[in-house]
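Structures for review follow.
Consider the two complexes below, in which subunit A is the common component and subunit B and subunit C are the respective partners.
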Partner chain A sequence: MEQKKTKTRILERKNEVISGLKSFGTKLYDQLDQGVFPTINMPSRSTENINYDPVLRQFILGDKSVSRSARNIRHVKPFTQLAWAAMFSNELTTQRKTSTLRDVYYSAQAYEMTFTDQQESNNIITDLETVTGYSREDFNIFPEERSAVFGDLTIEYTVPGYEGRTMNLTSHPDGVLIGPALTSSEFAGTSADKVIAIEKGGLFTRFIEENVHRKHNALLVMTGGQAPRQTRQFIRRLHDELNLPVYILTDGDPWGMHIAMVIIAGSANAAHLRELNTPDAKWSGVWATDIVNYKLPTDPLDEVDIKRLYELQKDPRYKDDPLWQREIKTFLKIKRKAEQEAFSRYGLTYIVDEYLPTKLEETK
Partner chain B sequence: MAQATFEEISASDFFYRNRDIAGFTNPSRAIFAAIRELVENSLDAAESLKIPPDVYVRLSFEGEASKDTQIYTLRVEDNGSGIQPKHIPSAFGQVLFGSKYKLKQMRGTFGLGGKMAVLYGQIMTHKPAYITSSTGAAKIYSFKLMIDIQRNRPIILDRKVLINKEQWRGTIVEFSLEGDYLRAMPKIIEYFKQTALVNPYANLTFVDPKGRLYKFTRATTHMPEPPKETLPHPYGVDVELLQRLIQVTPYKTMPEFLKHHFHRVGDITAQKFLDFSGLSPSKNPKKLSHEEVVKLMQMLKRFKEFLPPDASCLSPLGEELLKAGIVKELKPEYVVVHQRKPATYAGHPFIIELGIAYGGEVPKKGSFVIYRFANKIPLLYDEASDVSFKVINAMNWRRYKASPDMPIAIVVHICSTKVPYKTVGKEFIADRPEVKREVANALREAGRQLQHFLSRREHVDKERKRLSIFSKYLPKIAQFSTTLAGKEKLPDIERLLKSVQKYGAEED
Partner chain C sequence: MEQKKTKTRILERKNEVISGLKSFGTKLYDQLDQGVFPTINMPSRSTENINYDPVLRQFILGDKSVSRSARNIRHVKPFTQLAWAAMFSNELTTQRKTSTLRDVYYSAQAYEMTFTDQQESNNIITDLETVTGYSREDFNIFPEERSAVFGDLTIEYTVPGYEGRTMNLTSHPDGVLIGPALTSSEFAGTSADKVIAIEKGGLFTRFIEENVHRKHNALLVMTGGQAPRQTRQFIRRLHDELNLPVYILTDGDPWGMHIAMVIIAGSANAAHLRELNTPDAKWSGVWATDIVNYKLPTDPLDEVDIKRLYELQKDPRYKDDPLWQREIKTFLKIKRKAEQEAFSRYGLTYIVDEYLPTKLEETK
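What follows is the complex of A and B.
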């Protein structure tokens, strides 16, 4: 097996994150020490300030910024929460511990900093991302979402207790959970030459059973519906650090189509962050035109599906791309949708042996 | 041919048959009405001498009467003027006999209240009433009376004269009546409380049938200026009154008649009025035909140049006493009082006094608590029909920063020689436009002051809340940033905390 060793990025980035948090703390400290109310500026995340950047091929925040001042009665509480979140994140990163968003919500209570609800605490974490430019995963804060990876990739752990240990991601046939230990690992080598991201767990398992990773020399990623941010970031790393092209397989409906799009072009919610998306990734199917060409068993599009298609038609990520526009139009014309499982009508291996190679070739 | 029978009924008989209109509607209402009529007579009697009243009321259980009613003995004792012995039997035994028909503000007006109580007791129990009274002179007179309902005359069953060694002055009324005290109790207690509010210079004591003592102690011995008697104002006369005056007048010409029997009529005004009305000045008033009397009444009302009545016949509480009463009985956090200048309706002078109480022991009810008074009498029934209720509810309270879910009580007092009651039961004030306007103006004035108070309070509250928010969070920011920056020493935030107090509400 051919092995490629990537450069060490993980530890470098951790150090950047820690010094970023520290400098944020120092800024607040110095202002207080000089007898002024601490104030911070950060880019505004309001919809008017979210623009699609065709060069970067993702959403970015515009020039508008907002200012938060501890002098303002309405700001002082969220300001304090933000300072707490920074301190908490600093603790996590320096002590190399991880935490879920839920943990964050509860941990605040120990400091008499009770958040009204989970949403409020999530928002503060997003503020911290915006202020520092790092993502919550950089602070070792993860949502409780499940996604997995399988294939010939050897990783080298950096988490405490596992430092330097390696593992090959074919070692467990259910796939390996994409969690903090995995995403903080260095890539130590792979023989794969592509990544195939799959929306659903069922098909992911089938692909492993059918040896797709070997037949197609691929790393398989299961997104579990809309891909979690850490998974999107992970796919980006696979693409950037290992130079692997990325193909995405979803259901043939507007929702599946958009799962692919978020992996490719990112989401407006993460406009304040970079490198969560993979602009070069390809949506390989199931397309609306595949439904027609392969005569797949279908269900009719319902009202929300159609409404969603009209929305996507105007979305900047879709607007100037002939492929996406063509697929949206086809969906609207045939008014049908099909799941990936629909290929089973041609036998259980058809999708692996016939459909997949054709589509990989077509979207190369 | 059948003979129609005509029957003349006496005044006592009339009121007996129509006791509803005087407030003796049912056993619980009757017991309340009896107490209230006697207490009001006592307060009048003390006030007429400008003596701070001491009124003692005792209701004691005598026996069961029916399933829901009992027989009680009611005894009311006061330190008032007392009654001339020759008037005692009529004062308590002859309906429409009273000393209060002159024009000045008093509680009693109809010459009816005390007798209705006695009459009601007599009808239900067939027992006599006992009246003991002295004007402070050498003797005390004691009468045992019943009322001859058909003839509207007192029947004197016994009469005693005692030597007044201690120079006691006052009146004691005692009689039996049937009623339902348990049901009447809340209203009776409320009546005493509100009477104490509007008579802050009175001591009121009530001992109920269970032996419970309710004591309302005066907060002051200051009393309002007593009212002066006046003549009727030309705008307020009716044919009935004109005819009575014509009967008793010694004057032989119209100008003399007008001058001596009417308020605000002098030589010149009389002359001008006679010119205006076309009535001959030399006419003897006794010779006026019925048509001429009616015309005289109409012309008096139409003539524009009579000055409005002066208000010396009124005896309002005044702002200070009203405030004292409110503070004493409602124990609010804040009170504002306002007295309007005298106004008139249909020739009758009146004054509106008003108070608004906020917070303290004033309850939060979801609506304003309204206390209504007329000539220092609390009005406890039919609130929703009262003019004040309507005016209060029509006000835009938001403009004054007030809302019904705040602990706010509104006290409205109307003083007049003729309170515009809608019924003989003296329960609520009719909505005469003049009265309505005065109540509204008084509310606005008091409302503005309430608004100042509420804004100030809101401001103080906000400041306090503000400071508490900053004192909660700034130290935390200091702590978190110190840890984060890896420093040893916390930054000094005292200066920042101090400065917070000075900002005011700038970020609203």
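What follows is the complex of A and C.
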């Protein structure tokens, strides 16, 4: 039964997205039918309207809203662009074609819709996300970056030509790319009891070679630096749909720490969206205190690192959490950083044999 | 019969690599047995010893050589480092473990071997490539970057745990990652009659969605910008072992043009290696003349672009080829550049339906 419920989720969501776009269009037509200038209202994304919500444990938008009215001469251009973006997204979604932000910018010209530059068209897509509550990936607009996953999860494709086909994510030992086909797949079965997200490709490959997925019953996700949005959404689905705890391993520096934080608490840029972050995920290392405890080879923090640490110290996502505050303080005290590869000083498999089990236990 | 020959190639090469390392070690021991200070000779990689070979159509090293002698106090450190690197590479290769350049740097500390910095250890690995003639990927030292491939090619894995298992590269519609497991696979069968290498992930996905692999009997390779070395080596294998012509599609700018050139003629940095480039591969577009002929939306060339074009004009890889020279001149004349996505101005599938067939024919 539980399985069954999972299996229709993706197609349900696709239908919801298309309904969302349709209802956006219907509102415009209804206003026209009533003989009024159509107007679009949406929450403001200006900095002063972005607040951290300690209950949701992510950034959200406040009460301020903005409107785009066809009546206002200054609004006519963005109003039209937004209506076009909705129409184009509807085409992509119903025809199951994928696209990129760059592609959207050029595609507009096929409709004699003009954007001054890429930034303007990106903004309009974000407007569409804000109005509808869906992410651009739901409209089949994907970034170029691809990360990967490996482990015992069987997926069932929903993309054209592959509907109903299944694949187990241990099929390819280099890892399976997280692209549009993977993220639109249903989860058909797993024996895993946790997710381990890893910042770097080299370590991801080491984990596969050393059978971490089997030894720890884990799905391994390579984020490839800052995790692309569809990968963050995928991690959230692994957590929500399969009930799996998520552990994150990054480099031991402010940037690695923040890669983990964005997976956990999201970013201010995505305050208008839900389901891109996983509040229950844990940052398992490399902590500043690990650098000390494991006597890791280090590099000095440079000025940019230190400036970043002071910024993060005041960031609402970090502010009230004793773990993160302790780690920031330790970084500032030792003034050193260490990469995940630094564990190789104890041999190539030390990180898998010693460090990982300890940290999984510690952050459980 | 032909099939059979292909199928043992990878394991043969692995054995050759291990023999190469062994013979390097044997030479050192023999010298010690003869009571002389061991010396290592190798071709010099200094700029004045790098020449373009118009027959091989790639850079090669000239006659100058350098030596590292245990007798010379200034040589003792790099000599020892090189001997260690050979020993460590032998461990990786025989134990079938993969690593990264960063990992090698830290692993040295496990052996109390010190490198001043990453650059020093990278250099020593390049020395080892030069001495043995094998690439670091042959020693299982891989870069972090991963690109992808898609199409009807069945591979047979040779990595531990997957030996003898086959996979068809149409299995995952997001594309199959080109990592250590893929590049060490045998080619077991294909119906493809060409390879199309594509610079960008978005277009790669579009090509898969639009069935370019089927319509054109093609294997599609995503380079993800500048193709990682293992991807260039993989393209060469597709060409040599399967006899497939290779076509390359990049952005229409000096950087895209050079991505194609590095796949074709290699780089000066790899002058000590063979089999990383595919001299018969063709750059099919986006040419500067395509920008004009297809009236593509463009951006102006900036100063860096123009400077780069003047550099490339004098580069030996470009110098005597009328096609490349014509395109460089056209870029300098129109002073504009265009991305692959620019074709979307004629609709999302124009590049697949119109541009691609024309250019494949034109560059046959």
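Keep in mind that, in the parts below, the second predicted complex is superposed on the first by the 354 of 364 C-alpha atoms of A that agree within 3 Å, B and C clash if a C-alpha of one lies under 4 Å from a C-alpha of the other, contacts with A are read in each partner's own complex, and residues count from 1 in each chain.
In this section, a contact is a pair of C-beta atoms (placed from the backbone, for glycine too) under 8 Å apart; a residue touches a chain by one contact, two chains touch by 3 or more.
From a predicted model like this one, the values you see are computed outputs, not experimental measurements.
Asks: In the superposed arrangement, does A:Gly164 touch subunit B (first), subunit C (second), both or neither?
Replies: neither
Asks: Name the contact category of A:Pro322: first (subunit B only), second (subunit C only), both, or neither.
Replies: In the superposition, A:Pro322 touches no partner, neither subunit B nor subunit C.
Asks: Have a look at where A:Ser99 lands relative to subunit B and subunit C in the superposition and call it first, second, both or neither.
Replies: second
Asks: On subunit A, which partner's contacts cover more residues, subunit B's or subunit C's?
Replies: C
Asks: Quick one: classify A:Gly35 as touching subunit B (first), subunit C (second), both or neither.
Replies: In the superposition, A:Gly35 touches subunit B alone.
Asks: Along subunit A, where are the residues that touch subunit B in the complex?
Replies: On the subunit A side, the touching residues are 21-22, 24-26, 28-29, 32-33, 35-38, 70-74, 76-77, 79-80, 83-84, 86-87, 90, 111-113.
Asks: Can you list the residues on subunit C that touch subunit A in the complex?
Replies: Interface residues on the subunit C side: 96-100, 102-103, 105-107, 109-110, 142, 144-146, 148, 157, 159-162, 167, 171-182, 200-202, 205-206, 209, 211, 297, 339, 341-348.
Asks: Can you check the complex and tell me which residues of subunit B touch subunit A?
Replies: Touching subunit A from subunit B are residues 466, 469-470, 473-474, 476-478, 480-487, 491-493, 495-496, 503, 507.
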